[in-house]
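Chains: A, B, C and D, in written order; residue numbering restarts at 1 for each.
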Amino acid sequence: MSNYKHIGKDFTPPDLLGKVTGKARFAEDFRADGMVYARLYTSPMANGRVTNIDTSGLDGMTGVIGVITADDVPAVEAPNAAILTNRPTFIGDPILAVAAEDEKTAEDALARIKVSIEPLPFAVDPLDSLVTGGPNAREEGNVFARSSEGSGFRTIKWTPEQIAEFRAGKEPTGEFASEWSYGDLARGFADAAVIIEEPFVTTGYAHMSMEPRTAMAYWQNGTCFVYGSAQSQSFWMPGLARLLEVEQKDVVLISEYTGGGFGSKIGAYPLAGLPGWFSRKIGRPVQLRITREQEYYIGSARVGFQGWMKLGFAANGRITAADVFIVEDIGPNATGGDGSSAGGAVSLVYDPEAMRFRGLPVMTNTTPRGAQRGPGQNQIAAIMAPIMDKAARELNMDRVEIRKVNATSNDTTVYEDQEPVTSAYMNEALDMGAKMFGWETRRNKPPRRGSKVRGIGVGQGYHSAGATGYDGLVRITPDGRIHLHSGVGNLGTYSYASTTRAAAEVLKCDWEDCVIHRGSTEENLPWSSYQAGSNTSFTHQRANYVAALDAVDKLKQIAAQSFGGGADEYDIDGKRVFHVEDSSRSMSYAEAALQAIALGGSYSGQTWPEDIHEVTQRAVQNLAGSGLIGVAKDKLPQNGVIPGLAVAFTEIELDLDTGKYEILDYVGIAECGTVVHPQGLAAQMAGGAVWGMGMACLERHVYDPHNGLPANIGFHQCGIPTYLDTPLHVRTGAVDLPDPQSPFGARGIGEPAMGCSVAALTSAIADALDGHIFNRTPVSRDMIVNHVAGRGQSFQTLQTNNF
Amino acid sequence: MDIAEFKRDVWGREVLLGVSWDLLWVILIAAFLFIAIHALIKAAEKRRQSPTADGPRVLRHDALDRTFHWIMAITVVVLLVTGILPIIGVNFAWLTIHWIAGLVFTAVILFHIVRSLFRKSLKSMWISLRDLREPFDAAQKPGKYSLAQKSMHAGVTVLTLVVIVSGLVLFAVIDTPWWDRSNALSEAALGWMFFLHGLSTVLLVGMIALHIYFGVRPEKLFYLRAMIKGWISKDELVANHDPEQWNPGESS
Amino acid sequence: MAMNPQLSRRRFIKAVIASSAAAASNAGVQSVMAQDRPAGTVERLMSLNINGRTRRVDVLPQETLAYTLRYKLGLTGTKIGCNRGECGACTVLIDDISNYSCSTLTHSVRGGQVLTVEGLQKPDGTLHPVQQAFIDELSPQCGFCTPGQIMSAVALLKENPNPTRKEAQQAMAGNLCRCGAYDNYLNGVMRAAERS
Amino acid sequence: MASFDVMPDTHLYQPVELADALELAARHGERGWLLGGGQDTYGWLKDRAKNPQAMIDLNGIAALKGIRETAGGIEIGAATTLRDVIRNPTIRNNYGLLSDAASRVASPQIRNVGTVGGNLVQDARCWYYRRGLSCYRAGGNICYADGPDAMNREHCLFEASRCVAVSPSDTATAMVALEASMVAASLDNERIIPADKFFVGPDTHITRMTSLKPGEILTAVRIPAKWSGKRFYFEKVADRDVWDFALVSIAVAMELDGDTVGETRFVCGGVAATPYRLRDVERAARGKTLSEDSGNELAALATRGAKPLKYNHFKLPLMENLVRRAMRG
């Protein structure tokens, strides 16, 4: 346990009060004088071409202000998503919007608009598009590979025989789009005592954030004020400015609260630009609130996998070779690089001696895909867990033991280039979890009770959890307050706040004296990463640390200038900077701040380091002369992959009659370096666990292949886990060993928190069914019932986006 | 009043749903008006003294034709009852009876067509130039069938073929003991089939109304008897037909 | 900070609109509807008792309570997550019983006592025990479902001040949380129960 | 396709006398919409998939509320909330089957306002139909859920006729098992309809779930004392334990003489357009004793005549399992 002043201690994040009083303002809670309400018209067809838009029905309607179509907004290059389009490529693709004095009138207007669309061929299952003669999701092709070497459309087809082999679980022989590998795969398999070869499917599903993404915007003095739902303030700016075709300085983004994002709001999504364009067109503030159904369509979804993997295990359980092939369902906009990330996760979590990854991203006319909590890592975690169990069974090993044999540690090298990791303690996490859960005793399962059988499972989660090169900005004002500026968004992980505590730690000040500035770019925010990718903790602890160091440095210089001597003779504490030998030579932070203003220059932000981002530069410019400015870019040394790791243990009681199971116990252990905010960490582990439970048995996309219709367009049909689908208690813990490359030792955890959960559950289900593995998520009730009854499943192997 | 109804297809486009059933009432009213007027005119005419049914008899319809006619009549009634009553609000499980009756109907019609083609002279139903003169020449008498009867038969033939073909197509895409529903028909095509099936049905209803009316008119009642018992009297023959054109054999 | 458009903007944008402003912005349109009100249908102008205050509001016959609260009365603490009764973000109490305000006609609560999240905090700023407990347990994550969760918890504790954790789970079950903060919410409910 | 979620214009009547409600119902006929808890109403209206001219809110009518013990059993006003049904001691003690079923409906908030009548007459949940497509049930000429590759996991096993939707009501199965009868009032008369006859399948009424005619109002449900205090078994299997409709549910009422089964009623939800009586099982159950073996015996009869669709054949073993469970001692 750390003995810091702030790090590792609980605190009350400043935005919490608003959340419990209803005063918190989400994008849809803002109103502006003369604001009108917009409603969206989305495509009824999976793929088509708009041939005519007839708005004559609106003539003479009271309260209708205007209509905006694709002709009023920038066109984008395929396969990217546009704000509005005349070439819809999925059911729900935005085609136009209507603005009116109130929402009902806007909907009345929508009902009177006639849009003619010419249907085009569509595909809702990648394999249907991949087979010779199958439809392409876009006229340009059916595959779009994004890579640093260059991205582009391709048309890749497999013969029906190749598809059949793939379905039959054989190694795919069809063309693929990307490949990476390391080690000697052939030797690895040759050395293997046990070889396991499995086809698998993970069906994609919607993010379904609680808040349907609303945006409101108006123009004033050439500046566009956008009230949005974002996973970052600073990081959104370049994209938002591009969407609105203005300079960054002419955009203000207000996103004080965000009703969930889970990866779907990392960058400025096209819809966020619509109110700006609409407002420009009709000259009034415009609020666009979309329906839940539209949030399903536009709110992004997890990439689906249809894959094959072959693993070789040595007699001691060590993975000698891993060969992974993944067809990715990347939707119509070719988004999400989940496949390769999944390969990376296999490499990092199980450290095979040799490995090959091959990927084939295929477009479908289903909802657009994007990063979703553990994109790639969590799908593969769910598939790997039961396969590891199967290997353990065949090698007659304990299931935790086989994971320990392959566990990541400080000297593991990972990925194609076999990079080092900053630090990793998977063994410690497994030990801690096994102990807390009581693995040893629970391994001897109680006998079957009627139709109820027990199953215990263990799962591992991973996500690369950090980035570098972002800016930190702190400010000490003459009132003695310490202002901590954070441009990281806030989804409720509270890491925007817990990472600013690194600055408070460095400045040795009380939390009560600190003011966090966030939520609006008008709060003068530094260039920050996003509240995503599990990276805030590592990334912004560093950024805030360097900014605080800069402030401390300036405090010492100011003191030295006032009392003589060198800056290095001074130290800080108790909100004072003082001479180490002569405490009479000291001044308070408040006095120092006044001095800084008097001195000007870099002390009070008249000048700034040129290596900071233009977003930070503008912030400093705005703050110039308001106090002592500490600002810096994170250039601390960083080498290797930054792993966020988590393990979970769970026990379920599965009812063979109904296919339902109760989660009797759940233990989640975080391995994310030093614990920064215990409550926040526990909340992330618990929340991630629930996500895993949804992915394991409930959530999936379902599309009718005949007409391309989606079945799961609401919370109800999407099967978002409820109170009663989750355990009464969730137990969590943390390894709490510092990461050397983070000033206070922290790494991120948000995504592994889910991966370990879904993996533990698929592992537990297999255990309950005497080792039967479905190689599919979700494992729905009907699959279990059919299996127990010895019936075939309704779907064909590797089918996806189906019931 | 529309003759067709429309709906939105799965992608929101407007397609045919089927015939507008208002048409049924229009046809019924039209048929009733025609019958009423015709009846009045007939009543106004001074009645010629009608031929006697006594004396020697000739055969008009042999047993097989009569059986065919009445089987067909029954299936038609069943089809109309099961097809139309649910639409006018009399609800019952009609579908299975309807398609079974439909299959019987189809079989009967096929039998009739084949038989007409091979065993009987189509000529007796053929509308010739001579027939067309019939209405304008009081002296001219028809062969076995009058122009009115032939026209009625021609019309019914066309409608029956349409109703059967559209019916069979619809039957092909629903669940049956032998096959499951298919997507063979686009929604637009499906709409057309329902439209044709409904339209021909509605028109048939009109035709049948007239057929029945004429079947029971006093001066034509002997035809009904002929369809039941098979014979007409020599006297009725000479009074209504031209033996040159039609000279049936004696009947027992 | 002269370069900063903030000041002028303050004047331009209002926070959450007052009911009067809302009524005004909607009046033009709704009067169209008002003209044909068949005899016997509901009177549009109505009194609502919300958080202990009586408010006169012009309410369309088909209007939902969530709509009235958010768009007519400026009470935006009540959230619309699905507008379908499938998430619970819009949960309010009507005569102490939890309701989905998105699936309640405003005209049907005439004469009832409506309690929203805005009505829990005491005038002196003291938080309701549930609110305080939710802060102490760091219950909310994104916070969008929180007002609804709070109202369900308040309803539960009014009826059953000392629920078991299982009872609490059952009572809260009509509120979805996509962040999956169920465990933290239950901790909050149990802590609030201990206190109140 | 526009996606809507705001209530469109429609009129609202809030009668306090049943007579007025009946008059309004008669006047508006099919263009009127009777409003109970409204939980199956607002979605239809917001989607603009159904466009009634006026809503007739029945909640203000005292005569339609409350639970009364009668000579023959109990009578539940149609506008009584599920909340009140669940909390009613008489029902809990003597007709627990109904309490169990009612307490598994949707979610607490929905049970707080949802009414018995509304739960019984609720419309089909077929996702194609709910999308607002003009399928058979919506007066169209096609069933999207019965196509060769349609996604019909939640659809029916029995009594399909063009439409393959199922009865979604949890309380309906219990009512049929308890031999309840429905009181349907209209301006000119009052009909007492046995639950068996109250729910109707697509072969006769493809656009309606019940035999209620336009202008009729379900005023009350009468449960005979016959089954009071008998052995009951209710189970609902759904994906999630909140909100979701039954994949398959079972409601059983049985007379027991010691361990021996006398007269009994087995009813399944989620397998046909109406609550589905397992008549073969009921006949065979007579004289059997509660046991695993007799459960297995009866299970085999449960799915006789089932015609599964592509994605719903898991309902066969599920039904059989539920029958087994009902027979466990």
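Basically, a residue touches a chain if its C-beta (ideal position, glycine included) is under 8 Å from a C-beta of that chain, and two chains touch if they have at least 3 such contacts.
Model, not experiment: these values are computed from the prediction.
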Required minimum of steps from chain A to chain C, each step between chains that touch: 1
Most contacted chain pair (by C-beta pair count): A-C
Centre distance in Å when chain A and chain D are each reduced to the mean of their C-alpha atoms: 42
Between chain B and chain D, centroid-to-centroid distance (C-alpha), Å: 46
Rounded Å distance between chain C and chain D, as computed from the means of their C-alpha atoms: 31
Distance from the mean Cα position of chain C to that of chain B, given in whole angstrom: 68
Touching two or more other chains - residues of chain D: 1, 5-9, 144, 147-148, 241-243
Set of chain A residues in contact with two or more other chains: 44, 103-104, 291-292, 706-707, 709, 715-716, 721-724
For chain B, residues contacting two or more additional chains: 10-12, 183
Pairs of chains satisfying the touch condition: A-B, A-C, A-D, B-D, C-D
Chain A residues touching chain D - in the complex, by the definition given at the top: 39-44, 91-92, 103-104, 107-108, 110-111, 113, 291-294, 450-451, 657-660, 698, 702-707, 709, 711, 713, 715-717, 719, 721-725, 780-783, 785-786, 788-789, 791, 794-795, 802-803
Complex contact set, residues of chain A against chain B: 44-45, 117, 119, 706-707, 709
Residues of chain A that touch chain C when the two form their complex: 10, 12-13, 15-26, 28-35, 62-63, 100-105, 208-212, 218, 220-221, 223, 225, 252, 257-262, 289, 291-292, 491-494, 522, 621-623, 626, 679-680, 682-683, 686-691, 714-716, 720-724, 726-730
Touch list for chain B against partner chain D, complex: 7-8, 10-12, 17-18, 91-93, 95, 174-175, 180-183, 187, 190-191, 194
Chain D residues within the chain A interface of the complex: 1-9, 48, 127-128, 131, 144, 147-153, 237, 239-244, 247, 310-314, 316-318, 321-322, 324-325, 328
